[in-house]
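The two complexes that follow have subunit A in common; it is paired with subunit B in the first and with subunit C in the second.
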Partner chain A sequence: MDVNTLNTLVSSAIWRAEQLEDLGLEAARSAWVEVSSLEEELAKAIPAEQAEGRIARRGAVRAALKANDVARAESLVEQYVPDAASGALRKELRQAIKAEVNDLSERFPHAAKRYKPTDLLRYAKLLLERGPFLLAA
Partner chain B sequence: MADGTAIDLARLRDLHPRLPGDLAAIMLVRAALGLQRNKHSPGVNLQMAVQGTVSGCVLLWAAADLGAAKQHDYSRVTEDGAEAIALAVAHKTSAWRVVRRMQREEHADWLLEHQADGVRRLVAFEVSGVDKGSIVDRMKGKLAQVAKSRDVDQRCAGVVGFEQPEAVLRLVKGRSYGR
Partner chain C sequence: MQTFAFYSYKGGVGRSLLLANAARCLGMLGKRVVALDLDVEAPGLHYKLGTAPDPENKPGFTGGAVPYLVATAKGAKNPPPLQEHMVRLALPQGAAGWLQLMPAGPAPRGIYWTALKQLRQRLRFDEPGGKGLAALLDLHARIEDEMKPDFLLIDSRTGVTELGGLTATALADCVVCLLVPNQESVDGTLAIVEALKASPRHTRRGSMRIVPVVARTTGDLATEGRTSEGIKRLVELGEGRAGNGKKDSKPFALPHDSALGAADKVVGGDKKASGCSPLRKAYLELFEHLFPHAR
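Here is the complex of A and B:
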């Protein structure tokens, strides 16, 4: 798929995900999965030396976090950091994960004291996906 | 104070070919609803102020059924309608075109492009709409927001007021971080 088509698709997907999020609908999460996937395709097509490549890399990671898929976000950061082209982008990508951990630590302070950040992210994802009773099971 | 030219919102996708069709369609309906609920009809004069240069033009659109307005969120009519008008004005006055939509954390709604001296330039474009009243405070807020945008050559805030109607576009001074 060419870059122009990907840009059109990602525009549509971001707009849809934001509207669903504003309405507080559960479908927003799957919409962000689609955004992350399209941003990832753009990141493959545009090198990190170009501004649009950096925007796509940040977008892929952020959208994965908005979809509560922390494992995917971490995997994308690991993939993008070596060829991030600038220290600033590396910092931004790592900062995105850190911000998510901080946010979850505020929402779940007791869990944050007990678990390592990576475990906290994993449990938070399970909690958000399955609810507290299924998490306990 | 129209200068004899017109902006026809129905041509929005001709001006911005990378604007998705589904998105453009809903933006156009909401622009029509935002204008019509302020008692405007197609052919109204749109006052434009782009980087301090004031001009006017005739604004045309396909009339929408105001009875359908209840199906749309009130503030989304203002915001999405403003985006349609601001994007049309950005193209008419500066020949800017949509590259893609950006996520909120990029501090702008749209990434636009244009050619300057044969070089492609990227613009972060943040848009907002005001249904009634002054747009001055909103412009201050949007300029502060888009000033945080990175990796672009220019950063621009666009605010559309539906009451008059008017569209104001202002660039942030200084270079963007990452460029």
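Here is the complex of A and C:
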């Protein structure tokens, strides 16, 4: 798919996600997942040396965080850090993840004393994928 | 603190009543006990433990697990005081321990269902951002840090739900699985127990105990047939009367007791009440196995 089409899709996906979020609807989360996926496709198509490439990488990570999918955001950051092209972008991506993880620790200090936030996030993702009692294959 | 989750795949098996009896019995034995009702869609532990709401619906206790979780979900920097969500219960004279209940909330008053609706809007237990999971683990850890009980007994939701699943997989050191001796109950319980055995230990310390308990039995349990084979398999996977994972072990069984069952009577630790009841004897045998060092 060409970059122009992807840009159009990203713009409309962001608009939709924002509207759903404003309405407080549950569907906002899946809309942000879609935004993150489209931004990821754009990031594949545009190198990080270009401003648009950096915007796409930033967008993919931030949309994953908006969707509460910290594990996906982390995995994208790992993917983008080697070719982030600028120290500022690298720092910004890592900072975004850190802020999310710190928020979890600050809000739930008793749990944070016992469990690493990254372990919690990994388990939360597993629960989402496999459902209650991890029954779903 | 040892955490016990009382779970049943199907409802109406006497799960909350067993928990209430265990809590009272442990309190009588000098233990510090917190009972936590996480059966949020159909809460009833407060009835079993004698703190049902005022029949005239007068404003009274408005705390509990659901209002507490709603308050933490707002992201307040200062978490709500835990004691405002607990009810201290009276134990018979001479009891050396204490028993506190964190009910699900002031159910069945309207404010409870409003709080439950708010909880569903603000905190999902399966969200990948981990806030639902962290909120539950935080409550569990806070009870341990601030109240320092010997035992936390959790009434878990029936069936397959996010909160029921988390209670068993993330919080419990021991899951007491109640079932009745019919195929539906046995098959469902087997699926859950197999899943529990296979679940990774992300948040628990050490291995998980699983104790299947067959409830509402009349006479001896059948020794042949599919239901019987299922119960044998459950005992192999968990713990039976002869110990952990032994093939020849018999399951713990709670005989049907129409008098105690109909009245939902809590007899744990009560020397006078229904002293000769087979159900009471079965409770005591089970409690000795579940809490071997409580005496």
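In this section, the second predicted complex is superposed on the first by the 120 of 137 C-alpha atoms of A that agree within 3 Å, B and C clash if a C-alpha of one lies under 4 Å from a C-alpha of the other, contacts with A are read in each partner's own complex, and residues count from 1 in each chain.
Keep this in mind: a contact is a pair of C-beta atoms (placed from the backbone, for glycine too) under 8 Å apart; a residue touches a chain by one contact, two chains touch by 3 or more.
The structure displayed is predicted, hence computed values, not measured ones.
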More subunit A residues in contact - subunit B or subunit C: C
Partner chain(s) touched by A:70 [first = subunit B, second = subunit C, both, neither]: second
Touching partner for A:54 - first (subunit B), second (subunit C), both, neither: first
Touching partner for A:108 - first (subunit B), second (subunit C), both, neither: second
Interfacial residue positions of subunit C with respect to subunit A in the complex: 72, 75, 77, 121, 125-135, 137-138, 140-142, 144-145, 160-162, 164-166, 168-170, 191-192, 195-196, 198-200, 202-203
Of all residues in subunit B, those that touch subunit A in their complex: 18-20, 22-23, 76, 98-106, 111, 122, 150-152, 177-179
Residues of subunit A defined as touching subunit B within the complex: 4, 7-12, 14-15, 18-19, 22, 35, 51-52, 54-55, 58-59, 62-63, 86, 88
Residue numbers on subunit A that touch subunit C, as the complex places them: 24, 29, 67-72, 100, 104, 106-115, 117, 119-128, 131-135
